[in-house]
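Note that chain A is present in both complexes that follow, paired respectively with chain B and with chain C.
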Partner chain A sequence: MFHERFVKGESLIHSLDPRVKLIVAFLYAIMVALSSKISSLILASFFTAFLFVLSRLQICQVLKRILTVNYFIVLLVVVMPFTFPGRVLYSLGPLAMSKEGLIYGFTLFWKSNLILTTMLLLLSTAGIFNLAHALHHLHVPEKLVQLIFFSFRYIHVLQREYQKLGAAIKLRGFSPQTNLYTYKTYAYLIASLLIKSYDRSERVYKAMRCRGFQGMFPTYKHFQMSPRDKVFALISGIFLSLLGFYTFRPF
Partner chain B sequence: MEAICLKQVKFAYPGRSPVFTNLNFSLKIGEKIGIMGPNGVGKTTLLQIIVGLLKPQAGEVRVFGRSRKDERDFYEVRRRVGLLFQDPDDQLFCPTVEEEVAFGPLNLGISRDKIKGIIKRVLSLVGLSGFEERVTYKLSGGEKRLVALAAVLAMNPEILLLDEPTGDLDRKNLNRLIRVLNQLNLSYIIVSHDEKFLKSVASSIYWFEDEKFSPLG
Partner chain C sequence: MHISEGILPAPVLAAGAILSIGGIALGLKKLDHERIPQTAILSSAFFVASLIHVPLGPSSVHLLLNGLAGIILGWISFPALFIALFLQAILFQFGGLTVLGVNTFNMAFPAVAAYWACRPLLKRPTKLNIGICGALAAIIGVGLAGLFVALELAVTGQQFVPVAKLVLIAHLPVIAIEAVITTVVLGFLVKVKPEILGIDIM
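Right, the complex of A and B next:
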């Protein structure tokens, strides 16, 4: 899950300056989140499709990744028609399904997936270290950048520790069942996972202090804006302005 | 001249019985000492007290002729005394080898042009030339160890503290480590269980138990 599967690649999207990608992804997300017209969403979908073609990623891999998050979104969307007030389309006992709720749920689903896919195409092709550097260059507060970077880094550590412990209990003949013994074993597993991860993070932090770390995150490799980045920024800029104008025009 | 001097150091981890009640230790400049001893006797603790990662409850820590007490005092110590951790995974956190090696020098405010030269120099020193762009978490255990050592050496320390550096090294990498250590004109303290290894790199070896250092062999 945390192996940065999409980082490797030779496409135009992969080689773009992460600062440009971050800004475009951020502005796009705001635009889409605020737009309520179906037609704007169609327009926005074209942009995402355009990015997808440029990224040359495998469609099934991208879909698989998006599907995981959609479990949560779908849950929300399914509840929406029944909780949103409006014209009743269908009654199911005490539950009433409203037309407005249905549309609202549908646009919510569409919007979230558009933002998600665009984020995936732009950000997961950059790699966490590059993103941290880019955020640093964009003058995002130091503490926030560190928080993002270390969350990612320690999720990775946690996952590895979990796999190790999981293998260790399996090797000693543990097979999960529905009983108190199983729950107790899992409780032990999680407790020891937390303690181990905490200890490790302490040691990593100590090792960093040994090498002169005092809170700043100096970057070794600087980014350089190439003409390609400028062209991409320009196209995205034009598109986003169009989208913004179309969505928020007063007439 | 004494580079490191611990006087009547008392140290206990919170909620546990003391590791040291009255520890005395010193290292002179130019000394290369090896320390052996039973598990849990406080060898790692000793090294971490020297660079101020652990603060003793009583006693004095003098490094390079100055008494060191709070965090600020140890900034200079950590620049001049390089500690190699027992587990290289604790030390490596950057995605690529060159960024890992550059981390220390960048923290010291060295310019990027100079760092490029430093990376090249220390990687060739540990025999990993051409590893600059390699991804750290995909390296083998031995390579990780050598990258961690390169990252410590990049800060140009005057004293090295090595905490069981031979754990995951095969014969070839072990010989490489021995060669690197003998090449360097540094003082060092090496904690290890491998007496043969210590004999090939240290000028004196001590057995450490009950807060006493007794010369071995």
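Right, the complex of A and C next:
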């Protein structure tokens, strides 16, 4: 379930330095989130398309993932034409659909999906451990980086634990319904999961102490910027400055 | 409920980011190196538990459990929930990068508030107190989280007000369900593993 589906790949995007990817993704996300001009969104789309081509991912996989997280944005897009004041295009009883609202909703949809897709292309192809490592080199507090490492390691373990508990209650004939009994059963399940996790964390910590853990991971491997990373960073930099200039110019 | 990318204006995004960075910094300060594995494992337990969908009529809702997380972790909820949201953004594309600050604040501030409200009561874990704690944790945790999302949308523009109301209404049944679940979880923890809650019954 927590499989990093987009990590496998041999493309240029997959092999880029995660530090570069993180910075580019972050700057891109901020710029697109703050722009409202259709023209800058078109410009940004070119960059996302460029990344997509380089990533050699399958389009249907990417689309499927992006569409499944669109429920909130689709709700907004559907509501916007009716709540945004503007020239009425179409009236349906008490509801009036405005042209401005339609455009606004569409802009939100586009913006949101551009950022999501770019994040997928840049960050979901990097792998959590690599990203955590990159965050370390970008001077994110060491405790936070360690928390990311451990948490990502343990969500798999706990997911398995949860499935085991789930299977156990199912074997005893539990079928979830809307009633107090169901909610209580889930509560016991959650409590067991917490207790098991707590016990496990004690064991893990003791085992780590026995092996000489002193509260931090030494890093042996350091990222090395290859010429490819530099070229990619340069292209992205030029593009992002262009986008920034275009979006925030006062005229 | 996560706010998606590209909706909120810059001031709201910046305010969320700044408040969350402050909360995370405070949480990390309170976190000893020794407790990192424990915190991470509890934070992944909340990550997994919040993916549980419980049935509600013909549909289902997923739990937030930020109130419960707050009771157990206190200020450390900020880094713990931040990481859960970060992992969700990278693994499933839920939420996003620019809204990470806002979403962290929406979840973690209510968690800390629940901690302040419930911890004194749990010093004397009677049945009544546990029930009150469970209800408080759900009302504060889920209720405030919903309220924040609604307020942030409403501040963004008049056009979002109907959606903001809808968001608030959608959180009401979750509050009720979580109140039950949190109460039972707390009761169970008090009986079986009180040290998770930092209390000694003996």
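One rule holds for everything that comes next: the second predicted complex is superposed on the first by the 209 of 251 C-alpha atoms of A that agree within 3 Å, B and C clash if a C-alpha of one lies under 4 Å from a C-alpha of the other, contacts with A are read in each partner's own complex, and residues count from 1 in each chain.
To be clear about the criterion, a residue touches a chain if its C-beta (ideal position, glycine included) is under 8 Å from a C-beta of that chain, and two chains touch if they have at least 3 such contacts.
All values reported here derive from a predicted model rather than from experimental measurement.
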Superposition on chain A - do chain B and chain C clash or fit: fit
Touched partner set for A:F129, first chain B, second chain C, both or neither: first
Partner chain(s) touched by A:T83 [first = chain B, second = chain C, both, neither]: second
Contacts of A:L95 with chain B and chain C, given as first, second, both or neither: neither
Partner chain(s) touched by A:C210 [first = chain B, second = chain C, both, neither]: first
In the superposition, chain B vs chain C on chain A residues touched: C
Chain B versus chain C as contact partner of A:P218, first or second or both or neither: first
Which of chain B and chain C A:L242 touches, first, second, both or neither: neither
Partner chain(s) touched by A:I42 [first = chain B, second = chain C, both, neither]: neither
First, second, both or neither for A:R200, with chain B first and chain C second: both
Shortest span in Å between Cα atoms of chain B and of chain C, once chain A is used as the common reference: 5
Overlapping contact positions on chain A, where the chain C interface meets the chain B interface: 128, 153, 200, 204, 208, 214, 216
Chain C partner contacts - residues on chain A that touch it in the complex: 2, 4, 25-26, 29-30, 32-34, 65-66, 69, 72-73, 75-76, 79-80, 83-85, 101, 104, 108, 111-112, 114-116, 119-120, 123-124, 128, 131, 141, 143-144, 146-155, 157-159, 161-162, 176-178, 180, 182-184, 186-191, 193-195, 197-198, 200-202, 204-205, 208, 214-216
Chain A residues within the chain B interface of the complex: 127-129, 153, 200, 203-204, 206-214, 216, 218-222
Chain C residues touching chain A - in the complex, by the definition given at the top: 1-10, 13, 24-25, 28, 31, 33-34, 36-45, 47-49, 52, 54-57, 63, 65, 72, 79-80, 82-84, 86-87, 89-94, 96-99, 158-163, 166, 177, 180-185, 188-189, 192-193, 196
Complex interface listing, chain B residues touching chain A: 48, 51, 53, 75, 78-79, 82-83, 85, 87, 90-91, 93-95, 98-99, 102-104, 106-108, 112, 115, 151-152, 155
